[in-house]
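Both of the next two complexes hold subunit A, though its partner changes from subunit B to subunit C.
On to the complex of A and B.
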């Protein structure tokens, strides 16, 4: 009988141990060791490895003598763009023969170009031509509007302009996104990224309009990279300044163009009324997104004297630019 | 009751091999099995193997929707890719030369239900495209970055349609159901530009800003955005205005419209409604306000619940105004003068309400308007006071993350 009791106790102990173990792994909070708890199904989702953008981004070697900010004013978009880029070293400093260039406009909304909610298609076309003339093997134009991408590209006129100028337009599809790792980022350390147009790319140029913004007060070249994110990116609006600072970290472009040909000076970012738009007649080329945006804040949105939006300070604290554009080397040109 | 007879082991087995508490569970007790049993067992094994293979295959080929946002295309990460070493594209698979693209609504939700959107929106020479409808969950898909504005004003739904006209002109119609006339007027007033000259009458407030028409009627706020300001677009906007006036129910007149209109002669398009943190004061909720003709003096009213709470709340306002001003007695009345702007502010209890003035450049006019407002508030019926205390409806439950 003693032998039976011992056997019984052993087996009961084994069953109890297994039950406790099973209960633990299934009920323990998801952060605990060996826990299998998956209340929202996230842990069950496939988790592949990620990609990273080049460590130093797509920037060219910095220059100690060339201006960081080229500002061209006038009416002829091609001439203005060339003058602005010439001011920071010329297109050949940035684009070499054989380069594959990605141009990232802001095509976030299904609005016609005069309403100022999207990049001016003439500026996008001029930029594509400039890159082509510099010997780029291929120029791609890509953005990921949340709203119907095809409709946004068509209504804004960017698609037609970009294609006519000699580029390929990449519209996002479900298979175009990959997980991107951005070490040091607060919100997007690992986040779906519009990856397909980046394959084989050697240079990246952003071209963004100057817009008022309901949440972050101003949307310009730094905020423009938001359009490369996938997933439920709207959640980041809870910390809009934090995510913009992350975007500055995520993508370090070859240079940026701040499209001040039109300025959506209120009711942004969507706009709608022509009375919210004013002629800016200005194009800025810069190797420093924060300096370009700060110039836009002061001179194009005409908010000089108002405190800059918080994302400037957050991004500057990471060493990603200089919001004090007056302290940088600036060259201003009147064209025509 | 005698003791239960001891169970004996099957022939050939000793007592330690009994079935109960069998210590050798894998021992074969049967000498032979039938062929049918063996076949059935094999079938079960094959079935289990198929299930296992299916699970493994599904694991390796997950449904993209598992990691996709309903509104934004995404895909799972795959092989590690160092971008600099990413394989070059062998053939252009981007959109090549593309003729003008017919707007593809893609993954936008299409709703056959027009809601309160009137029929016959398209005027002569115009045609109506497919409808799309958005709720609080997916409003950001349509107006990313601007959705908060409407979610803070009782947003229920957005019905969207594009009207196509001659020479490529288009008008986008956005009809926001904001749940109450107070919210609709609040959105209308908040988006109104300083130079706009709105008109109000018959339950409608509206104005045209070059290429765009803005209308508040009933619980609806409508924006009709033209692609340009050509005569065709302007004519279509006028057609839309008339269609909205005739096709959207005006609903019950908000008590604040009656209050500010009857007592002070202020048109509805001057009204603002702030559900939370009015004037940046955390305690100021459910505040209705209107601006006087000078464009600066703002009259406000809010329900407090009872007279005691009204007095306490008015004291909170005084404390709040004092945070950026000093006390100043003018014509025997206590005011607070803004130390930066020189404008005057004041709040006082009026029955179960708090009434007040903010940002007045001239005390005399402000005091006169405040006195009128106070009298009008004290004359409100208990039913109206109860309705005011409830406030207009808030946004429908949804994703307020935007």
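On to the complex of A and C.
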């Protein structure tokens, strides 16, 4: 008798406990602890976190006297890069001891370096070494290519060059992207951004080849930031000039290097034949990527006199640079 | 299993305190743990680890010089069946000799010492074993059901002789490589990546596909996964179900092992017919009576379990003792070489598989019938080839492809862009099920990549140099390998149908000059805005069918530019253009 009663009480307790517990979590107002209440379905939706890059970008304080554009011509990549960077103030103006530097080459396609579709690995390596010598604590190299990332980095030679020069290469995987907010951007105000290599970064340097481009006419340092985005990039062509102007707004670099050692003057941006490439023997360092790109358009793609692609004007209208590079302070150096 | 102490022999249970004293029977101390069955477990672990390791190096950043397809290349059923279907032994398939020779000497040692799928089955059976000894002995008796594998083997070999290679459906190595590629590796990587995301960064070093830009997906992965669960789960009903009932490689090795020089031998002057040898018998090979050589996996559990030391693995034991026995075993007067015979059962071996001759004839008849059923299904027939059966670069013409492809899916495993997918029934029929096809909604064929041709063990995808794929150097005359041809669907194309600029397809087209050109037009849109529309068109002489245009097309659900197989260079009858027709 006693045992039956005990069992009945236990069962009643279990039933009451479970129903009260279930009732609490489903009916308690959403602020209460353990509440799961979701009357309109809003609470159950995924909530993505988004991030922003620093307000002023990664640029250093502007200088009133130093040239905006350093142009070095020659054959020795290390000497040319040093001369070009020296012309705009020297590497110590940009990279300080302890900086974490992100170098962004263009490794969009699986092409060997001589085909000119990717940044010259020698230039990437020279840039990494330069940052290392300036005291950078860490140099990272990252890009989100069109073709398979590992293969692009391997075949272009950027992987080996970057690692040998003392940097770490970041290849994109699906979990490396976060939503980036770029206030004021027309199309990419919120867009998935290759975030993992950016964690803790204090300086960003772009190094882009000079390439013909089927749609936007020319792909150089400004278009290069395309490789930091993920998501549905194949929609960008619907307003490519608007997108490039957005890219210029999204990422304001410490400085950029326009890699004119080779020029992919036709069949861009993929190329594929040595006949599409010509010798450029030029490296440009600049704090103004629009000026650098305009220089590349006139002098390297040799399209002087042709109307600049529309993205120059759109980006310039946002105060992001000076396409009229001749009006800026330019220093040209012949190396060796 | 083998970890259990030797029962009934008077040995003490192994203690945790190591003692170097000799055993009561005088054997040295290490004989307690250094038993042949423990050596076997180590061998199984080694080969399983090697198998997983080789799968993990089947990836651009890890491949180096490893023989990634080693297990497939030493599989004698693969080389024998492809020799039947192609009359050749491709590239490294002669490596099957490394397995053939030990089988001819020792029997089916592969099954219980090296086969990774066998190890998986045995491990599952051991882990979930809830049977008592009596039940285990009953479960390990031979059953006529175990003939099935020989019928399947015969069917597959007759089909191979006709030119339809189907061993890959059930060959354990093909099956396991496919299961890993399509179902296990994506699942493991998903788990490891999410662990790494939780802060356990060491997990990211273990992923199978490092730096894969997206998680890998495969058509019909659920089915391949369900088959794994079903076949491995069957061990709970019948121990080693797959190995005993279905495995065509086991059947093949079983047929060969009739000539093996070593086998388990039972000493009838010691055997008390207690049947304890059946407790752990993996192959259900009747060690308690006349040993079925073709069924024995050489696991040595019977030797371990025998309380009378009546069993041993011996070179060239007597094939029959009944003539040597004097007296009658029935009334207990029998003697052998002067020793009294204790066992009532005087049978010692059954050489050949237990398949009656009429069953072999049935098998052959089934094979001859099945061939036309398979091949004259429209999808794989010359007359009705499927537009989406786009084969990887270097593939031979379709009918030869079906003579060679073992559906192992190593090519899918190594493909960096995930474009290679296991063919579904709708695309390739039953004959081409799980063979590789390219799905350009998932990936694209990367221009400078020939990895699939590198790992293909049977030459369905022939080893192809980059020069050959791209039509450079010595191959300039022949031209590049074309996988198919791209077509525009102007009704879905943004510049053609929607007054919207686009031409991603032209940007990514990798040929030079580009196979996609544009008609450029300044156009006044419906809202009065002026836009430049670059309306794309194909230059079919230049298109190689790589599919990157389809992959990158922003009309993602049903792309406005898409590739079909017509124009592929592997088959002279499937060209598209009159001009530029070259012999492949």
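Just so we're on the same page, the second predicted complex is superposed on the first by the 290 of 336 C-alpha atoms of A that agree within 3 Å, B and C clash if a C-alpha of one lies under 4 Å from a C-alpha of the other, contacts with A are read in each partner's own complex, and residues count from 1 in each chain.
Keep in mind that, in the parts below, a contact is a pair of C-beta atoms (placed from the backbone, for glycine too) under 8 Å apart; a residue touches a chain by one contact, two chains touch by 3 or more.
Here the structure is a predicted model, which is why all the values come from computation and not from measurement.
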| item | value |
| --- | --- |
| Simultaneous placement of subunit C and subunit B on subunit A, clash or fit | clash |
| First (subunit B), second (subunit C), both or neither touched by A:239 | second |
| Superposition-derived comparison: subunit B or subunit C, residues of subunit A touched | B |
| Touched partner set for A:146, first subunit B, second subunit C, both or neither | both |
| Touching partner for A:155 - first (subunit B), second (subunit C), both, neither | both |
| Which superposed partner A:114 touches (first subunit B, second subunit C, both, neither) | first |
| Partner chain(s) touched by A:198 [first = subunit B, second = subunit C, both, neither] | first |
| First, second, both or neither for A:175, with subunit B first and subunit C second | both |
| Touching partner for A:213 - first (subunit B), second (subunit C), both, neither | both |
| Subunit B versus subunit C as contact partner of A:76, first or second or both or neither | neither |
| Subunit B and subunit C footprints on subunit A, overlapping residues | 109-111, 144, 146-151, 154-155, 171-175, 213-215, 232, 234-235, 237-238, 267, 269-270, 272-273, 276 |
| Partner subunit A, residues of subunit B touching it in the complex | 21, 23, 59, 62, 64, 66-69, 71-84, 86-89, 92, 94-98, 100-108, 140-149, 170, 172, 191, 193, 195, 209-212, 223, 225, 227-229, 399, 401-402 |
| Of all residues in subunit C, those that touch subunit A in their complex | 60-61, 193, 196-197, 210-215, 416-417, 446-449, 494, 500-504, 506-514, 518, 534, 548, 552-554, 556 |
| Of all residues in subunit A, those that touch subunit B in their complex | 4, 7-8, 11, 45-54, 100, 108-112, 114-115, 140, 144, 146-151, 153-155, 159-160, 163, 168-179, 192, 195-201, 213-215, 219, 230-235, 237-238, 266-270, 272-276 |
| Residues of subunit A touching subunit C in the complex | 109-111, 144, 146-151, 154-155, 171-175, 213-215, 232, 234-235, 237-240, 267, 269-273, 276 |
